[in-house]
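Below are two complexes that have subunit A in common, paired first with subunit B and then with subunit C.
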Partner chain A sequence: MTSMPTLADADAGTHTGRPPRRTRRSLSEISQNRLAALLLSPTFLALALVIGYPLISAIRQSLYSQGQEFDADGFVVSDEHFVGLSNYADVLSGDRGAAFWNAFANTTFFTITTVAIEVAIGLAMALVMHHALRGRAIVRAGILIPWAVPTAMSGLLWQWIFSSNGIANQLLGQQILWTADGWPAKLAIIIADTWKTAPFIGLLTLAGLQLIPQELYEAARVDGATALQQFRRITLPLVKPVLLVAVLFRVMDVLRMFDLPYILIGSQKQSVQTISILAFNEAGNLHYGQAAAYSTLLFLYVVAVAYAFVRLLGTDLIAETRTIRKDARA
Partner chain B sequence: MTASTLPATGRPRGTRSRVRAAAQYLGIAVIVVYCLAPFFWMVVSAFRRPTDQFQTTPLPDPWSIANLQAVFEPSVGFQRALLNSILVAGTTTAVTLLIGTATAYALARLDFPFKRTAAAIVIATSMFPGISMVVPLLKLFTDIGWINTYQAMIAPSMSFALPLAVWNLTAYLRQLPPELEQAAMIDGCTRMQAFRRIILPLAAPGVFTTAIITFIAAWNEFIIALSMVNKKDMQTATVAISRFTGAHGFDTPYGTQMAAAVVVTIPLVIAVLIFQRRIVSGLTAGGVK
Partner chain C sequence: MNSHRKRDHGYGARRVLPAAAAVLALASALAACSNASPDPAAGGDDRGAITFATGKDTSGNLQKQVDTWNAAHPNEKVTIVELPASADDQLKQLQQNAQVKSDAYSVLGLDVVWTAQFAANRWIDEIPASTDTSGLLTSAIESAKYRGTLYAVPWQTNGGLLFYRTDLLTAAGITTAPATWAQMQDACAKVKALPQGKDVSCYAGQFDKYEGLVVNFAEAVQSAGGRVFDEQGNPTVDAPQAKAALTWLVSAFNDGTIPKAAITYKEEDGRKAFQDGTLVFLRQWPYVWDLANKTDGSSKVAGKFAVAALPGLNGPGSSTLGGLNLAVSSFGKNKATARDFITYLTGEEAQRANLLATSTAPTRTSLYADAALQKQFPYLPYLQKSLESAVARPKAVHYGDVSAAIQNAIAPVIAGDTDAATALTALQANLKQLTAQ
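The block that comes next holds the complex of A and B.
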């Protein structure tokens, strides 16, 4: 997952490994590899700098104690020394540990609830749009609007909607303190996130539905399948690959959720604090070691979930690359 | 299309299709209301008088641009924040497209070892959590004096913009027939010339779509801009709005915030309405085809 091996890979492709077959074909192959390395290197260099470097640096920072400390005489000193895993021990136990496990639980809770709700709503939207004979253009324009609204702005918008005198309470005839803390705050986050991203899942799913050949449904109908059977036996299995890709990207997105709870509820509210917010707060207090430990733990969590996803559900993100290669070799 | 997915029953056809049409319109209406109602409330709230902020009429009564005027008061410094956003998002988009198009071409058209690894890494990087990058870079940028600079926002933005752009462009370039450049190369063009003279002009719509999607992503970015800048002059629009403070102490200035949110959202909404077809094909390209 790091970017470092890539540069090596791209290089390896051009300079090493190939037996020196002096045929016309291998020459063009070598020049093609050179060109590929040339075209890939700017992107991978940039990714190495903005992702590879921070990744390694965060792991290093998480093993060092950083920031200001008091020495034996009571003077403030800027200090940086190796402390091994003590930052991790620090963030996994005691007060900080409680904060971490709370944030971990929140992050996991939001991931499961929002993605589940968004998939249900997105699938329903896609089915409606797929079967619509008229009004598709309007729906398509409408469905892109939540996607285009900046998440930070949607956080403010929902804060306004959920404010104590806001429209949500007016419509419900209630006096719920949505943005204070506790379950209403969690619910507010779920609603705001669902509004913004369910249409996006709907859009991706619709594209998947449109790839299903119509003949399948005709054949099923001839065989006497009901609408529900057609949905379960044809639509769902065939749209599943697309849906899984959408779900994977959404899961990765919610795991790193920051903007929405930070703006809608606030960075110090226990009930909506995510791991990203926790790390951000620690970095803001110049506790770089602990912040790096939190963000490294989040990274490991993301990697584990992505790996499990690809392994267990067989999400094939780069299927097309493979087909192209097969074609090229044939 | 609709009729074929539902089983025929004994009821008269006319009634059934009318019911079905009604259900379709209802479904469409529900989706449109779902997507637009909160956005509508944002616009409506922006155009109320500050004294009518808690009005609940569906339309402002009377309409007022007082909130908009408050946003653009010189003391707020919102013009500068908008300029910062345009600079950061614009530069990010330009640099990303410049180096991303080359990479996308290689991934879509060339055959080379480790191609699958390269593609996998591009996808993997798009899943990297922003905070895992912000914490170390914050320390690095503090050490090298980059805090409160444009490059401190532009460089980290590449981390999400590059994978997005490369993936979109790769999907688009794959759709172009390879015969075109092969023909050009048989006619004596080098691969580079074929890319410049044949592929780039044909790929223009795809590049353009990718530019819009990348620009929107960079424009909407929050955590990097929030972390790397603490001077008001350098804030981007999204961060500036989230920090608006009201004239009356602890009251959140919702009206002003909504007006400012409308200002930063409307250009995107207009772009989306004009280019909806292309954006949809761009967004779905990575996941589906």
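The block that comes next holds the complex of A and C.
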């Protein structure tokens, strides 16, 4: 060990105040890890209770069937029995399967359209909130109000706007039947959802904007950069990590979309049925096995999308955290 | 507030335990005399505080009635547990409570279409055979039965009526309400020829894709002489009457008898259109009577309309039965009190008060013949007629499946995407599978 000490050795040395020795360092690391695990155990316990247990219980329920048969007197046989994957086969074939793939397509469609529109509008909102000098507080509060309105309330509000002789039709001078099954219903959902959640993206992006040092813009101006160049070369790259987190949140939210289509359009309308609505309807009819199967499939879909998102777009994020950690150690 | 009340219950229960034991011994001795067969192990004859779970009562009248009961029965107090406003949420909450066998609810307010589910899952007790049900509407009693056994007592009922504009019909020279669909369309043609009838649409009901569509479709089928389900509970939507009914609905949408917008109408949308004076005829529940007669400016048709029985294909039509039945939860305590409370609420006195305060249709036939009530609610005789010929929806344990199947089959037909014959054939097969138990 006479060669130049590596960064890691120097690192360990400063911590122990002794000449670097590998075994000792790893031992102390092990005990440190143990302490960390001990200190974190209440958190793990809470997570296991509020996330792990319901998850496992739902997956278990999706493999069982209960109360679907009747005895000779018309009473429900309430015994629970293991049915393997038959609930999944049930929800993926026949009428239920058609409903599932339709809901899957709707969910995906709403996720892509609403998040894309919301990012564009949310970003614009953030820029306005960031730059508005006069009446800054009022602009910010105004933009945030839709987000503070409970979804169920905004569903009722938009139902009123989109009714056959509501405000939307009066403004357009036409009679579009928004809440009937069809494309207008999808459009109504996109409009109502954008109205409600673009401010959420706007708020998170605003936080990111405020972290960008003003000197960068000053330097850019000195270099003669146009406003568009400043936006593309400074604002967007620097706000991207925050924006990606906001988009990830939104994507996971829209994939579980339930109350807006349920209240605004109706639970039986195929053009806006989402997977959550299917699960809710099945549970309401006491088909708990099928409801759990739908929920589990939705869960897997959300996990897959989140994973893909982090892998494809979030690599920068993770790399950044690694550098920060390294910096902190040094 | 809530926890405080709960604590009171706990202490109270402990203190009255010896007394309750004595009462229990006495009660079980008495039970031996009656021919009722409640399970004593399940507290079938206990008395004491109970709860009544039902949807929100906006009139405040229910609380008044409960207060009257509580004053007369200080040891058997009733507390109202308010369930959510929407029927779906009410059902969900009642189901969840039943599933964990909670004793939080003693008396349940059940929509007519939920009774089968609660009975088949043994979530509610049978109503003892000794209970007097004479004087209650036969169709309402039918709705509270599962496989021939009574599981609930009808408390409120509901039947469809044809609301029509007397001013417009008189101006067009028509003196009687139409009894058939053809007569209704003729009347509309005459009204439309008038200058004041230019912008008025003919007819609407509840044709949005929800439970209302099931109700309106079933009524059309019945009014054409058919049934969605026969007496034995077998689906019969492939019969020619069902096809005639659906074909009429489609043609009514196509020729403008029913305005296009009515495909999005629920109860309230149709009521608003009628109150704005844009409809000649409207199929509605009786609650519209009071609201459309309001003279505070919210209704343009106050005093300008009357009601009649629903029209049909070749003669008078038939309504679908709505309403609320009261049942005793299998898991609640103090079931004897619960049964007495149901008798009290469904009694003539309480129902009269309820009708006066909330204009909810009563289940006691005597009230429909009451001259004083008829004066205040001129629609009562028509409503009684409607209820006498009303048909209950199928008593399916998974009623939601049946309802969804009907909605999925009928909505595309009236939207013009599928033809009636194909849809009904598919619906018949679907319903057969769903009701095969």
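Methods note: the second predicted complex is superposed on the first by the 256 of 330 C-alpha atoms of A that agree within 3 Å, B and C clash if a C-alpha of one lies under 4 Å from a C-alpha of the other, contacts with A are read in each partner's own complex, and residues count from 1 in each chain.
By definition in this document, contacts are C-beta pairs under 8 Å (C-beta built on N, C-alpha and C of every residue); 3 or more make two chains touch, one makes a residue touch a chain.
Every value quoted in this text rests on a predicted model; they were computed, and no experiment measured them.
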item: Contacts of A:Gln175 with subunit B and subunit C, given as first, second, both or neither; value: second
item: First, second, both or neither for A:Asn165, with subunit B first and subunit C second; value: both
item: Of subunit B and subunit C, the chain that contacts the larger number of subunit A residues; value: B
item: Touching partner for A:Gln268 - first (subunit B), second (subunit C), both, neither; value: second
item: First (subunit B), second (subunit C), both or neither touched by A:Ala227; value: first
item: Contacts of A:Asn285 with subunit B and subunit C, given as first, second, both or neither; value: second
item: Contacts of A:Val245 with subunit B and subunit C, given as first, second, both or neither; value: first
item: Interface residues of subunit A shared between complexes with subunit B and subunit C; value: 163, 165, 283
item: Subunit A contact footprint on subunit B (complex, rising order); value: 1-2, 4-8, 21, 24-25, 27-28, 30-32, 34-36, 38-39, 41-42, 45, 54, 56, 99-100, 102-103, 105-108, 110-140, 155-156, 158-159, 162-163, 166, 171, 174, 191-192, 216, 219-220, 222-223, 227, 238-239, 241-242, 252, 254, 257-258, 261, 264-265, 268-269, 271-273, 276-277, 279-280, 283-284, 287-289
item: Of subunit C, residues touching subunit A in the complex; value: 88, 91-92, 95, 117, 120-122, 146-147, 208-210, 260-261, 263-265, 269, 273, 397-401, 404, 407-408, 411-412, 415, 430, 437
item: Parts of subunit A lying in touch with subunit B, wherever the complex brings them together; value: 1, 3, 5-6, 9-10, 12-13, 17, 32-33, 35-40, 42-44, 46-47, 49-51, 53-55, 57-58, 61, 66, 125, 128-135, 137-161, 163, 165, 167, 170, 195, 199-200, 202-204, 206-208, 211, 214, 217-218, 221, 224-227, 230, 242, 245-246, 249, 252, 255-256, 258-259, 263, 275-276, 279-280, 283, 288, 291-292, 294-296, 298-299, 302, 306, 317-318, 320-322, 324-325, 328-329
item: Subunit A residues within the subunit C interface of the complex; value: 67, 70, 73-76, 78, 95, 163-165, 175, 177-181, 266-270, 281, 283-287
